[in-house]
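Following this line, the structures themselves.
Two complexes are shown next, each including chain A; its partner changes from chain B in the first to chain C in the second.
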Partner chain A sequence: MTRKKLSLTPYLFLAPALLVIATFVLYPIGAVFYYSFTKYNISTPPVWVGLDNYKALLTDKIFWLALQHSFTYLLVTPILIVLCTILAIVVNRKLPGINAFRAVYYIPVISGSIAVGISWRLMLDTNGLLNGLLLSLGVIQSPIQWLAEPSMTLPIAMLLTIWMGLGYYMMIFLAGLQNIPEELYDAAAIDGCNPIQKHWHVSVPGLRPQYVVVGVVSSLAALQVFNEIYILTGGLGGILNSGVTVVFYLWRKAFRLQEAGMASAIAIVLLLITLIFSIVNIRLMERGTEAD
Partner chain B sequence: MELAQSTPNRMSPLRSLSWRKTRETIFWYFVLILIALFTVFPFVWVFFTSFKGPADAIVSVPPQLIPKDPTFDNYIRVWNQLPIPAFFMNSVIVSLSTVVLNLLFCSLAAYPLGKMKFKGRDLIFYLLLATFVIPPQLTSIPSYVLAVNVFKYYDSILALIFPNLATVFNIFLLRQAFKTVPNDLIEAGKMDGASDLRVWWSILLPVIRPSLATAAIFTFVNQWNDFFWPSLMLHTRTHMTLQVGLVAMQGMMTSDARGMAAGVTMTIIPIIIFFVLLQRHFVRGLGGAVKG
Partner chain C sequence: MRTKLFVLFVLVSLVLSACAPTATPAAVEPETIRETVVVKETQIVEKEVEVQVVVTPTPGPNPDAVIPNVEEGAEITMWTFWLSPTFDEYVKNAIAGFEAAYPGVTVKWEDHQATFRDDLNNGFAAGNAPDVINLSISEGWVTQYASEGNLLALDEYVPQAVIDTYFPNLWEQQVVDGKHYQFPYYQGINVNLVNKQIFEQAGLTVEDFPKTIDGLPALCKTIKDATGKLCDIRLTTSDLLAQMVYEGGVEIINEDGTAFTFDSPEAVEWLQMYVDMVKDGLVDRTALVTDNDRVGLDLFISGQAPFYATGPNLIREVRTSNPALYGYLDVVNSPVGKSGVVGKGLMAMSVSASTQYPNAAIALAQWMTNAKTNIELSKLAAVYPSTPASYDDPFFSAAPVAIEDSAKPRAKDAVAQLADIVPAVPEKLAVNEIVLQEIQEALFNGKDPQQALSDAVAAANELLK
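Right, the complex of A and B next:
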């Protein structure tokens, strides 16, 4: 706001960053859109095929399965919201050493999904810790092949995502809780609320802005899940494609099967889903702020 | 405090109150420790497993945590089979150079977006905002083509640095920081005859240092843990980052749980140390990210 004279200065400041974003974000969107109408294996030039890729997707059973898996994966969002709200309420108290606990809960977040995924794989292995524990407790009689069981692939990956997200979303909710005035809790106590009712009537409504953010961030992350599936299934997508999500299928088509045109069509579908999601979320956000 | 000064005959309700408080405190510590066990247990188990010798079972009934025959052999074996120092060097070079260059580019771009009025500002702002919803995997197909055909940095760590030279998230974070700087500060600098570049470097950047620190830490951790794009680009062992190398190790040592545990431990410890040292900035960054 310093002056109004037309000068090149702002554009020069913006140029380097905009050049990078234009090359690696904006251009790729256009390119993917074009590739989605072509047969393309990356090594030879793309050949125009019109809507063939999209038509093929409509009848592609694995693609529909992948869509179903990706939507199922969205269940992590409500689970994370509930668990992390409770976790934030638990750590939002003044106790000696509370910061150390918060930090410990944050460790899975920064450790990276590869290291975490391999750790989990070691524990869930047929000869892993979990079977050892269950056997010694007498819960099971013979080891369960957790990672080879198709119906377990997606739930285990989701569990891993939830476990890695706990600390992250907890911190976001904690920041929200610390903005809620203490008087509201006092007023609730005077009105005869027990501790649980107090949180239900004060903390939960007070965290509305955080619910929107966490809802958006965690559901976009769920739609884009890849690393967990990759590690748990050794890059194969699980027996009978039991762990194949939209992004995993995109990756397999583009970089394993050299079908970049088809992968681009999947990418466009993913983009549309993401856009619809974002619009719904923004609407919710607007409604949320109006209500405030 | 008032209760503490009450008369002796009111001691018994006081004592029961303080006993209730103690009991409550013990309860919360119990809950906190239980959650802590849940969040770090896989790491603890992997850590101990990495020191297990051939005589120590990975899993037994009942499970054994502490090795009876501790050894560094697993670390030596992993170290001899894989270029671990190269993985580390590559990860450090990629993460550090991305942080420095990204903050440079993003803080340059954020200054006019936050503090100047110019034609097209809103257009650029909303264009950048819209890219938030673009799934990174969508851009990977054209970025791959660019890497192979145009920039020729396929299989080199340059491929990890270039696309991350500017990120929309950091531009927004820093723009938010610039907006909070009083205009008088800029005017005063201009009065002294400083150019915009000089104002940006000597006046604004020192003021927004906390936000720069936050952006730096998040960029560093993201780059350190990134897997999808690096796994597409890096194929020669000595060019790999830790995450890609870790997956290569997983492929090589499928039946060597002790070795894998050693590999995971080696990659996690540096990032945990980094986190513990800079913990405060993480918390502030998360709170800020939500408000911004």
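Right, the complex of A and C next:
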């Protein structure tokens, strides 16, 4: 009798959280999985179509292009890791006013992607700040329609993501750097390391746990990018689909074309990719840690 | 003892002094006088009086309550689109008038904005859509929801006399299988806002603005050559087939609805015009294919675009966002395409097919669009009534003062010419997406316009199988 009570108690404590997770995570995933086998326009009941949506995805050129763009977008992760490490090392000093610098780098994080996206759109507009600057310096003779150049859409969106994420990931690395014992740097100095070598041999290995976190978090965010693309391209996804990513294509299918069944199939594919990607990412990082 | 005697003496002295007469006049002797007292008595007398009796009659049916058999005790939900908070008072007054005209019926009003479509789709899916819905004619929402079986056909419920109160061209819009699903609500007039400063720099006047669509490329070239400014023209990316019909006079589907036909010479000529403008760098490409009307409007408001096609109701955006431009603003009629029709109506009121109170819901939809309610909204914003009787109001005969009102004198004629000439097509959203992709290929990727449209037709016809 006592045993039973003891075994029930933890579940009672877990029950509220499990209920919330079941309602807001597990049920929607189950519903999306079901809808992915239906033709569903949201306003009328879904109709079972079996694997038709998945078959259609296989031959959908825009979906493959979106997938390619999403994987290209993953380039932001190594760039962010490198830039944020350097930035964290730079601001990890006891200088007067250094906190102000740290705060400035953090401002884009708290500004919100929509507000930042609109600012960037205005800056890159035909009559925006960038063209004005380049024209006044004589670098260009007529304004460039940056956001209407298919080759520029994705790089600009990636640049925006990097700029926005810089402060956030920098803070994670900064916290990591402050946990590395000062004695290690002293030992490296005694061994004859110059400042760059000290960071290469002490800071970088010491930040490995942070690399795992930033690697997983930023790459998942990159795979799910939407706001930047939506705002920069005015909802079009870029001329000739030049900025369409998997999540943007999912949104287009679900809300602009009202093909919720097809959008659900895309969501399931994205879920699988994200899952595989996260497992591989963590395994690789863990293997690296074990090797150390 | 001596002390006691002294105290007694003092006390007696004090008492005697208090009782001593004061230095006042001597008291007057009372005088008796005679006074006449009138005693009033209540007397009951009978008198004949001529009385005028005024009888207040019990209120009769409101002459504006024109829908019969309204369900007693009905509770109606109404959703409007982007009317709050600017027009809260107008909507509340209209509802109060309705509830007075149809006693026992109550209305719950909600205004939905950016998420209107999502909310409505979810409402239909969940079976709790509002009874009365403010839908966009220009975006084709009535056709879409009616085709899906979500709207109530009005034909059985609305008396002919009520139908006759609307402009016939507006009543006949978005008809699905011969049935009508909307009461025409407020209308817009398609105009172009002109930046006179840029026109002057290009040596032009507003009179030089073309009357027909095919005059736009020449105008844009003149402006670009003289000022470097690009034209702020927008393709209707959400309904390209409609734009082909209005501007290019294109027949998009055959008569029996079995095959798309928008790769005809007329369609190719229409697309070629835009392809040439893009090739010559005359138009802002971001604005040309954006999904978002704000992109083009913001470009114009920033003072960098020579003109922009919109409604007079958005002039207030220019006034509030860039007052400096407001002084250089002018309004011209939108150029007409090969169809000869400038455009279709703007807004409608429809009734959900799942309403529990069809007559009450129809009564409310009709009330919101009747001549009196229509005119009240027109007095608040540059939108125009769907009922000819509204134009008899002195408001429309008064001379315009602000530029926002400049379309007022010709509003009735303009509204009377609006028409939805786009045939209903199956799989409209999917077909539009196919067309959008192929048009982009032609505009930005060098694909031959004829080939692009033929490929689009072939792909769209696959959806009909």
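A few points about this structure:
We take it that the second predicted complex is superposed on the first by the 271 of 292 C-alpha atoms of A that agree within 3 Å, B and C clash if a C-alpha of one lies under 4 Å from a C-alpha of the other, contacts with A are read in each partner's own complex, and residues count from 1 in each chain.
Methods note: a residue touches a chain if its C-beta (ideal position, glycine included) is under 8 Å from a C-beta of that chain, and two chains touch if they have at least 3 such contacts.
All values reported here derive from a predicted model rather than from experimental measurement.
Taken together through their common chain A, the two structures put chain B and chain C in a clash.
In the superposition on chain A, contact is made by A:133 with chain B only, not with chain C. By the touch criterion stated above, A:42 is placed in contact with chain B and with chain C alike. By the document's definition of touching, of the two partners only chain B reaches A:171; chain C does not. In the superposition on chain A, contact is made by A:148 with chain C only, not with chain B.
Measured by the number of chain A residues touched, the leading partner among chain B and chain C is B. Once the two complexes are overlaid on the shared chain, A:255 sits against chain B and chain C alike.
Superposing the two complexes on chain A places one of the chain C stretches 6-14, 240-248, 294-302 or 366-374 into chain B: stretch 294-302. Taken together, the two structures place residues 42, 125, 127, 234, 255 of chain A in contact with chain B in one case and with chain C in the other.
Chain A makes touch with chain B in their complex at residues 1-4, 6-7, 9-11, 13-14, 16-18, 20-21, 23-29, 31-32, 35, 42, 87, 90-91, 93, 95, 98-99, 101-108, 110-116, 118-123, 125, 127-129, 131-133, 135-136, 163, 166-168, 171-172, 175-176, 209-210, 213, 220, 223-224, 226-227, 230-231, 234, 247, 250-251, 254-255, 260, 263-264, 267-268, 270-271, 274-275, 278. Listed in rising order, the residues of chain B touching chain A in the complex are 25, 28-29, 31-32, 35-36, 39-40, 42-43, 45-46, 49, 58-63, 105-106, 108-109, 111-113, 115-119, 121, 124, 127-128, 131, 133-146, 148, 162-163, 165-166, 168, 171, 183, 186-187, 190, 196, 200, 221, 224-225, 227-228, 232, 243, 246-247, 250-251, 257, 260-261, 263-264, 267-268, 271-272, 274-276, 279, 282-283, 286-287, 290. Across the interface of their complex, chain C is touched by residues 41-45, 62, 125-127, 142, 145, 147-148, 150, 233-236, 239-241, 255-259 of chain A. Touching chain A in their complex are the following residues of chain C: 117-118, 120-122, 124-125, 145, 148-150, 228, 230, 237, 284-286, 289-292, 295, 299, 302, 304, 429-430, 433, 437, 440-441, 444-445.
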